[in-house]
Each structure stands twice: as C-alpha cells, then as structure tokens.
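Okay, so chain A shows up in both of these, paired with chain B first and chain C after.
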Partner chain A sequence: MKNALQLNSLGTMAIRILFAAVAAFPILFMLISSLKPDQQIFGDMSSVAAFLPIGNISFDNYAAVFDRVPAARFLVNSIGISAVTVVLGIFINSLCAFALSRMQVRGKRVVFTAILATLIVPFQTLALPLVWWVNQLPYFELNGFSLEISKGWLDTYQVQIIPFIANAFSIYLYHQYFESIPKELDEAARIDGAGWFKIYRQVVMPLAGPATATVAILTFLPAWNSYLWPLMVVQSEELRPVMIGIQYFFQLNVSWGEVMAYASLITVPVVVLFIAFQRSFINSIASSGVKG
Partner chain B sequence: MNKRFTRILATSVAAAALLGTMGACSKGSSSASSESSKEITMWTHNAGNPAELKAIQDIVDSYNKSSSAKAQIKVQAFPQESYNDSVVSAAASGNLPCIVDIDGPNVPNWAWAKYLTPLNLSTDLSKNLPSTVAKWEDQTYAVGYYDVALAMMARASDLKAAGVRVATIEQPWTKDEFQDALTKLKALGKWDYPLDMGTAGTGEWLPYGYSPFLQSFGGDLINRDGFQSADGALNGDKAIEWAKWFHGLADQGFMATKSGKDSTQDFLNNKSAVLYTGSWAADKAKAAFGDDLVVMPTVDLGTGPKIGGASWQWGVTSGCKNADAAMDYLSFSLKPENLAAVATATGTIPATDDAAALIPAYAKGGANRVFMDFSRNYAVMRPETPAYPFIATEYGKAVQDILAGADPKTALDKAVKAIDANIKSNGGYKS
Partner chain C sequence: MTTTQLPSPRRRSTASAPVRPPLNPHRRRPRYLREQISGWGMIAPAALLLLAFVFLPAILGFGLAFTNARLISPRPVEFVGVDNFARLFTDPTFWRALLNVSYFAVVVVPVQSALALAMALLINKKFRGVNFFRTVYFLPVVTSMVVVSLLWMFMYRKDGLINELLSNASFGLIHGPDWLNDPATAMPAIIALSIWQAAGFHMIIWLAGLQSISGELYEAAQLDGASRWHQFRYVTWPGLKHTRTLILVTITIQALGLFDQVSVMTQGGPLDSTTTIIYEAVRSGFKQQETSYASAISLVFFVLVLLISAVQRYLTREKD
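== the complex of A and B ==
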C-alpha cells in the first residue's frame, strides 16, 4: 500500500515536472540564447545545448541592445506607465466596485450591467475613434511661469495611462470579491460612526488583498505589453514603451541574439511581478472563481 | 491594516502627482500637432536602420545650418514594421507631420486619401530613375533618393561546373534555359534546392518579388487601363501559366516552398546555387565570393525580364502649414551629393546619374552599375492605383496558396474577385 502511494506521488511529480518544463523551456531558451552569438544559437538548435549556457557565452548581445535602441529609456517609460496605471487602476476601480456593491443607489444594476457590457467591445474597434478623441482634449503645459493650454494629448505619457485606468474587468473582480465580505462588518463600522469612505478604506479594502493583487497583475500585463496604442499615439522616441522597441530589431539584418536579449529584458519584470504576487493571485482566483 | 491601506492610498496620491509631473513636462518635444511654421517635423521609417537614419539626419543638419533654410526640420524615426500604422492613425487624428517617407507603391493610396499634396520642387526630376518618382493622375507626389533592383546571383564556378552559361543583360536566361540550368545544377547534388527565391518572405516581398515573373509571362496584377478590374490580367491564361510555372519550381525540387529565414546568408553558406534577391545583398555577396560572384538579370519568361520598381520616397502632407519650407527642404535634399551619401550608406542605387558618378561602385564601369542598368531596363512600377495595398495583400495570399499547392485558377480567381469587389466598394478609387 505504502509502495503504491509512493509510486503514485512519484508519477504525479513526474507529470508536474513535465508541465513545468514545457512552460519553462521557451523562457530558458530565450535567456540562454541571449548570451550566445547568432551562429551558435543556430548551431545549438538541434541539441540540448540550446538550453545550456555553454560555448561562446557573453553579454555582448545586451550591450548591442543598448546601442541599437534606447532600451533604458523604453524600460523606464514602461515601468512608469505601468506602475501609475496599476496604482490608479486599483484606486478608481475598487472605489467604483465598492459603490456598486455596498451603496443602495437606484439603477446601480443597470450601471453595473453597462460597465460589464463594455467587456465585449474589443479595444481595436475603439482605437481609432479614441485617437481622434484624445487629440481633442485640452493639454496644460507650464512654460516658465505661464500656463499654456493647447489641444491634443497625442505624444504624451498621460495618453498612454489615463484611457486604461478604468477597467470593467477590474471593477467586476472587485465587485465579486466585495460581495463575499460580510455586510455585517459595514454595519458594525457604521455603529462606530464610520462613513462610506472610512468603511471602504479601513474595512473592505484591507480584506481585499487577493483581489488587489489580481487586479494589479491584470492591469500591469496589458500596460506592459501595450503595443497598438502607443504605436498610434506616440511619435517621440523618448516617450515610447518597451514593446515598440522590439520592432527596431526587425529592420535590415536580424540578429536573433539581440532579439533574445531584448526579449529577456522586457520579460523578466513580468516574471518577477508574477512570482511576487503569485500566492495572492491564486487565492483571489480560488475565492472569486474568476480566471484571468 | 489601517496603516497598510493608508500607505496604498498615499502611493495613489503620489502616483497621481507623478502623473501630473510627467504630463507637465513630457509632451513630445516636437509632436506633429504642435509643430510651428518655423519648425516642421519629418517622419521616417528608419528607426531600426542606423546607417540610413544617420545619412538622413546629416542632410537635415546640413539644411538646418544653411542660411537659406526656410524652417528647421525635426526628424522623428519609427520602426519600419509599424510605420504605416503610425501614419494612418496620425492621419485619422489630423496629426500628420509635414514631411513623410512612403514606400513607393503606396503613394497613390496616400494621395487618394489626401494625406499627400502634389510636389512643387525646384529640382528637375526628369533625369531621375523613373522608378524614383511617384506619380498619380499626372501629378508627382513623392520622390526617392534611391531605388533597389532585383537580380539573380550565383557563383561562376558552380555555373561552370554544371555547364550553364552566365546570363547577361544582352542575353538573359529564357524560361527553357532557366529550367535547363536548374536541372543541371540540381544534378550536381551539392544542394537540397539549387534555387532560393526567398519563399519565406512575407508582406510586400510577395508582390515585389514575384509579380515581375507574372508580368514577364504577360499577366499583371490589374488591368492598367483605368485600374478598375484585375479580371483577365491576374487570372487569365498568362497568369495561370505563371502560377503553374512558379509552383512547378517547388514541385520539381528546384526550390523550397518555404526557404530559410535569411536567404542571403544561406547563399553565402553555400546552401543554394542561385539566389533571387536584390541589390541590397550585393556588397555582402561580393565580399564573400569576390570575382566568383555573378550578378545576372532575372529570367525572360516571354515578355522580357521584369523587376519591381520604386522604393522608399519622400512626400509632403496636405495639412502642412509650411509646405513652402517642406518643398524647399526636399529640393535641397535632392542634391547629387546628398543622394550619393544616402545611397552609399544604404547600398542602394542612387536616383540620378550625377549622384551615381560620385559613387565608384555605381559610376560607369563600377561593380554595381549593373543594378542601375537593370532598374532602367526592366523596372515595372507596381500598379499606380490607390487600390495597390489591397491588391498586394490579395496577391500575396494567392502566392502563398499557390506555393502550398492550391489550384492556380481557383487561387487567382479568388484574388480577382476580392480585388474587384474592393475597387467597386471604393467607388473605383476616383480622386
């Protein structure tokens, strides 16, 4: 009986290792290839050497990446844009969800349904009208001591952030999570004299950690991976995010080592973020029954 | 918990403040919408091509420093793959810069869409390679510094070993000779496929690379009389003959249905005997093979060898507030020394003989002069119609289907049906 159990757990372990390998090998290949010259990448391709840091290993590709594109600037831009979108996204969407979940407002079901309905409209269909719209918005600029007002948000940081703060899926996720928090806690807080914002701040949000972690990841990923939108609204190189940079490598001679080095640079932050929030992310999925 | 949440909220406020700060000082320094009449913006597709970008920037710097400059030109570079999308979205939001570069065959579409205004330059363009001047409805909308030319490259030693003559501009290979050459080269047993036609290529390569063969057979992408239908041109007998011939090259084992990702590198590594490529590969091949390299015209499949004409060109947008300065800059940039500098940096064919005379390889008797001859003698402009981008996409799909073994007539009929429907739905693309 004991032997059978051991065999069973060994089998389970083997299957887990197999799945882990399938998921990890592309990333491993990318990281290892980023350290090799092109000739060696293709030479190692047909053997296990493709996944091993052996042969002519160096950081030359990384040095070349910073030569070929302003990678540091792109990274700083993407980190800034993603971080601000996430923080403001958590604040705005949780407030909205709180109102829909806790406040007794006439028509809130209709509002919630309307918010959810926006999920079925793909961004691509909205992109062009949105470009036109953001180009009509007023823009305030400090010029010395005078405040100048011009038209159009194109070619700015905020055009890459503000349209993506409010997010129907994040509102839905928070709403579902808030529904699982007993309303008796609100009532107790009310008896103690707390207002709506205090209940939100001191009762509900502290209990919504897993939902916040999930929203953070689900907001961060599209912000980090954003490609179409910055392509349409950003013209200055100094404002571009990392994803646009990958195209720089596909003009003229493609150096796959450099492509892998750049891909590694832009993948690692996402992997680190996921590992950091992994536990909360899984908890949130388990408790809200939502798949990301 | 309370403290934790307060921290989160404080971070939100800090983020909002940061956002404000970023917003206050981060507007692109020279976005097209904010360009003044004294500073005009120029967009180029060369962000991923440092050599060409530097050559362009040098011309701009030289103009900006000149006492006669009518405005300061500011360059903004985009990666080529996403350049057209950036232009189209800028046009949709009314945010186009004054000067743009454009892939030649797209000029009529951009002119029809009113992105471009006709050029009014002080430079005489009559001596330019015809393929470097883009016209639509009798007006010139764009002009290029250079062109590229398609050719066949091989090693003379391989041809000699197989008993195949070197094709020349006076006597290109005929269809039968080409078949014979490939048969003999394959018989040498040195290569899996003796011919590399770059069949892994995608996008514009498909019409640029393969429609000249269709035209050499006597077919075309569209009936050029009025550009209103592709029926008969793209699915007539000649076109079907072309499709069968093209698929036959793969069927007989002369070429792969999907070549390697880098055909030039494969040729340099002796993985193919004959490479169908462009003038851009010449310097690399010459460095590898020296005098053993032979550059030959493409095959005469009935109506003479044909190659695609037009590369990247420059135009002025219709919304430009200082079109006079933009035209002035373009006229300045077309000086022979500027054309020669760009052509040297990019390894391309300079647009004029005066510029060619400044580059030893393209001067009369120079090693690359042959490409200029190919361009003058064989270049066929891709159809000068606003429908071209759609035609190119449909033709590209048909090429891939034919290579994959689809029935030629069915594949080409499908393309014709789609093209004709597109032209009809756009009112014939009338101006």
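== the complex of A and C ==
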C-alpha cells in the first residue's frame, strides 16, 4: 500500500517535470543561443549542447544588437510607458472601484454594469476606429510661454498611455477585493472625522496589497508587450517601444544570435520582475481574484 | 447581488419602512450630497476614459463601417450604405480567414483548456517546490507573444530545433517539414506555439476555481472510499462549473482574435493558409489605410464574438 502510494507520487512528480521541461525549453534555448555565434548555434542544435552554455560563449551578440537597434532608447521608452500606465492605472481604477463598492452613489449599479460590458469588446475590434479617433483629438503643447493646440495624437507618448489607463478588469478585481474588506472600518473612520478620500487612502488601500500586485502585473504585461498598437500609431524611432525593435530584424541574412540576444534583452526584465512578485501574484489570483 | 445581508441606510428606507420612519431629509442632506459629489468625482476619471477610448471608438467603428472613411484623405466622409459588407462577403480571402480562425479555435479551445486543467491539478496541492513549478508553468505567459513568435519561427526552420528534436526522438526516422512555409503545416505549427504560450494563464484561472472547492468535500469522499477518478468526477468537476464557463469564453475570444503570431511569423501565408479576420482588418486598415473597410471587418468580428459567447453561455447555463 505504502509502495503504491510512493510510486503514484513519483509518477505525478515525473509528469510535473515533463510539463516544466516543455514550458521552459524554448526560453532556455533562447537565452543560451544569445551567447553563441551563429555557426555554433546551428552546430549545437542536434545535441543537448543547444541548452548548455558551452563552447564559444560571449556577449558579442548583445554588443551587436546595440549597434543595429537603438535598444537603449526603446528600453527607456517602454519602461516609462509601462510605469506611467501601471501607476495611473492603479490609482484611477482603484478609486473608481472604491466608490462603486463602498459608497452610496446614485446610479452606481448602472455604471458598474456598463464598465463590465466593456470586457466583451476585444481590443482588436476597437484598434482601427481608435486610430482614426485619436487622430482627431486635440493636443496641447506648451511652447515657450504660449499654449499651442494641434490636432492628432499620432506619434506621441500619450497615445501609448492614456487609452490604456482605465481598465474594466482592474476595476472588477479591485471591486471584488474591496467587498471582502469589512465596511465597519469605514464607519469607524467616519466617526473619527475622516473624509472619503482619506478612508480610501489610509484605510482601504493599505489592506488591498494583493489586489494591487495583481493589477500591477496584469497592467504591466500588456503595456510592455504591446505590438499592434504602437505599430499603427507611432512612426518616430525615438518614441517607439521595445517590441517594435523586432522589426529591425525582419530582413535577409539575419544573424539569429543577435535576434536571440534582442529577444532575451526585452524578456529578461519582465521575467525578473515577475519572479520578484510571483508569490503574491499567483497566490492572490489563485486564492481570491478571478472567479467566474 | 440584489439582496445584501446588511441593508445600507438608503435601502432600509424601502425594505423596512414601517419599522422606522425615513430620516428627516434636511438633517441628512449635507452628508448625502457630499457622498454623491465625492463618489462621482472618484468614478469620473475611469468612467470618462472608458467612455472616450472604448465606448466612443466602438460606436464610431459601427458608424465608419457604413462610410468610405480613409485614415488620411482629402475627400469628405460619405455614407455608402452596405457597400463595405457587400465587398467583404464576396471576398474569398475573408472566407478563408474565417475558415482558418474556426480551425484554430476548434483545436485550441479543447486542447488548451484540458492542458491548463492538467497543469492546475498538478500544482493545486502544496508540496515541496510548488512555487518553482507554478513559476515555470507561468513563464511562457510572461514572455510576449511577439518574442515567442520570433523564437518559434527560428525553432520551426527546416534545420531548426523542433526538427532536430523530432529526429533525435525517433532515431533519425522523422525528417520534419519546413513547418511555416508549407500550407499544410503552417497552421498546426501556429496552434502548437499558441497553446504553449497561453496555457499557463488559463491554468491560473483553473487554479482559482480549484482553490475555491472546500477541502472537506474531498475528506468526505475519501471516507466513503472514493477513488481519485471518482473524486475528480464527482467533487472537482461539478465544483468547477463557473470556472468552466469563464475558461471557455475567454479562450474562444482569444482564439478568434488571433493576430500577433500570424503578423510576425507568416503574414497570412503561405497561400492564405494562416490569414485571420483581425489580420485582414489590420492589413486593409493600416497598410491600405481603408478605415471604413477595416471597421466593417471589425464589426463582423465583434458580432461573431458576441454570438459565440451568447451560444456558449446558453449551453453552459444553470439548468433548473
């Protein structure tokens, strides 16, 4: 009986490892190949050497990437765009969810239903009308001492940020989480003379850490990974994010070592960030967050 | 949702009016008004942004589909009726795109949800190293689809890693095709990498469902001598009812919106064997700047998504 149980759990562990190997091998292959010259990548492909940092290992591919692509500029752009989107997204969406969850606002039920309705509209269907629409929007620019108004948001930073700040899914996640925090806390704070914004900032938000971690990651990932949208609305090289850099490698006689180096360069920061927040993220989704 | 355990002060006035007369409106007014103003002030930023960047473009797209608008055009926008739709429904590329997306969805929806459930079951209970496995399983999701597509494009070459692995595993018997340049294998190749990338996300949703099933149910089942299969069949599976619907709808919408992989790897080729609805919309709207035609494609896509979600919700509804 005990042996059968041990065999069973050994088998389960073997399946776990098999799944882990399938999930990890392409990423491992990418990282290892980025350190090798092209000739060796192809030479190592038929053996386990493809996954081992052996042979002629160097950072030459990375140096070449910075020559071919304005990679530093792209990285700075993406970090800025993602950071601003995440910070503003956390603030605006949690504020909205707070009022919808904890305050007696007339008509909030209608507003909440309308917000949730946006979840069924896939972004791809909005993208093209949205391009036309942002091209009609006014744009204020401070030029010296005079305020200039020009038309069209195409080819700017804000066109990559502002449309993605408000997010129905983030509002939904915060709303779910706020519902689980006892409302007596608000009452107590109100008796102490606190205003609504103070309750939001000093009572409710400090308790909503796991929800904030989840919203931060779920906002950061699409912001960092966005490709279709900047492809359509940003032409200037100095405003482009990292994913567009991929286009610089779509040509004949591409060096695959350099491609793998660029791919690693734009993936590793996200992976590091994810591993740092991993515990609170997966656990918070798994324990409360997303429930049908 | 509609009946709360602790009725709020405003609701109480209707729910238990005979017990307590309504408060004097004059005494209540300042606090009530302040709550309304602060509340709307807090809701407004997010609501206005959603209005401007989701509702308006959606309505605009609906309208533009019936015009001849172009992204940059000297001519004024004119109403052209259903011309765009007439052109769309007689375009063989559109029907091919619809067929490709259906093929993709029919394979991806069941396979990906099953694999994601298997992964969730493997890491549901706590054991030594559970966090390691959870992280590794989720790693492909963190990697952008664009990077994943580029990486797999390299692995799918005739002399690439996939064919070398196949050849090694079969002792040199299998010589794989040039995956992405063969109309017969290009779509299956895209299907495989899509499942690889996205399964981890749906694993998390399954995991949320699994964690919400009470452990006492399993204890009771074990006392009754239920086998592992019976525990799954009679405790886990019914407990995942709501999660199943959510997974089904989200994977289907994601599958119908197939775009990034195609844009990076095949540009719809070879011979239109991988083109999709969204890819056609972007190609006409962005490359050819025909905003109106692209809006018509988007509208058809939206109606399709709505129809399929509605049918799925109807089929998985609670029967009583």
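Operating definition for what follows: the second predicted complex is superposed on the first by the 264 of 292 C-alpha atoms of A that agree within 3 Å, B and C clash if a C-alpha of one lies under 4 Å from a C-alpha of the other, contacts with A are read in each partner's own complex, and residues count from 1 in each chain.
What we mean here is this: contacts are C-beta pairs under 8 Å (C-beta built on N, C-alpha and C of every residue); 3 or more make two chains touch, one makes a residue touch a chain.
Predicted, not measured: the structure shown is a model, and the values here were computed from it.
In the model built by aligning both structures on chain A, chain B clashes with chain C. Residue contacts after overlaying the shared chain place A:140 against chain B, while chain C stays out of touching range. Touched residues of chain A were counted for both chain B and chain C, and C has more of them. When the shared chain is aligned, chain B and chain C each come close enough to touch A:232.
Contact with chain C, but none with chain B, is seen for A:259 once the two complexes are overlaid on the shared chain. When the two complexes are overlaid on their common chain A, residue A:10 makes contact with neither chain B nor chain C. In the superposed pair of complexes, A:68 makes contact with chain B only, with no contact to chain C. Touch criterion not met for A:276: it reaches neither chain B nor chain C. Of the two partner chains, chain B and chain C are each touched by A:131. Of the two partner chains placed by the overlay, only chain C lies in contact with A:103; chain B stays clear of it. In the three-chain superposition model, chain A touches both chain B and chain C at residues 127-128, 131-132, 135, 228, 231-232, 249. Interface of chain A with chain B (complex): residues 68-69, 80, 83-84, 87-88, 90-91, 127-128, 131-132, 134-135, 139-142, 150-152, 154-158, 161, 201-202, 205-206, 212, 228, 231-239, 244, 247-252, 254.
Contact residues of chain B toward chain A in the complex are 1-2, 4-6, 8-9, 11-12, 15-16, 18-19, 22-34, 41, 43, 45-50, 76-82, 85-86, 89-90, 92-95, 97, 261-262. Looking at the complex, you find that chain A touches chain C at residues 12, 15-16, 19-20, 22-24, 26-27, 29-30, 42, 45-46, 50, 92-93, 95-96, 98-100, 103-106, 108, 111, 115, 118, 120-122, 124-133, 135, 162-166, 168, 171, 183, 195-197, 200, 221, 224-225, 227-228, 231-232, 243, 246, 249, 256, 259-260, 263, 266-267, 270-271, 274-275, 278-279, 282, 285-292.
Residues 6, 8-10, 32, 35-36, 38-40, 42-43, 45-47, 49-50, 52-58, 60-61, 64, 69, 71, 118-119, 122-123, 131, 133-148, 150-152, 154-155, 159-161, 164, 167-168, 196, 200, 204-205, 207-209, 211-212, 242-246, 253, 256-257, 259-260, 263-264, 278, 281-282, 285-286, 291, 294-295, 298-299, 301-302, 305-306, 309 of chain C are the ones touching chain A in the complex.
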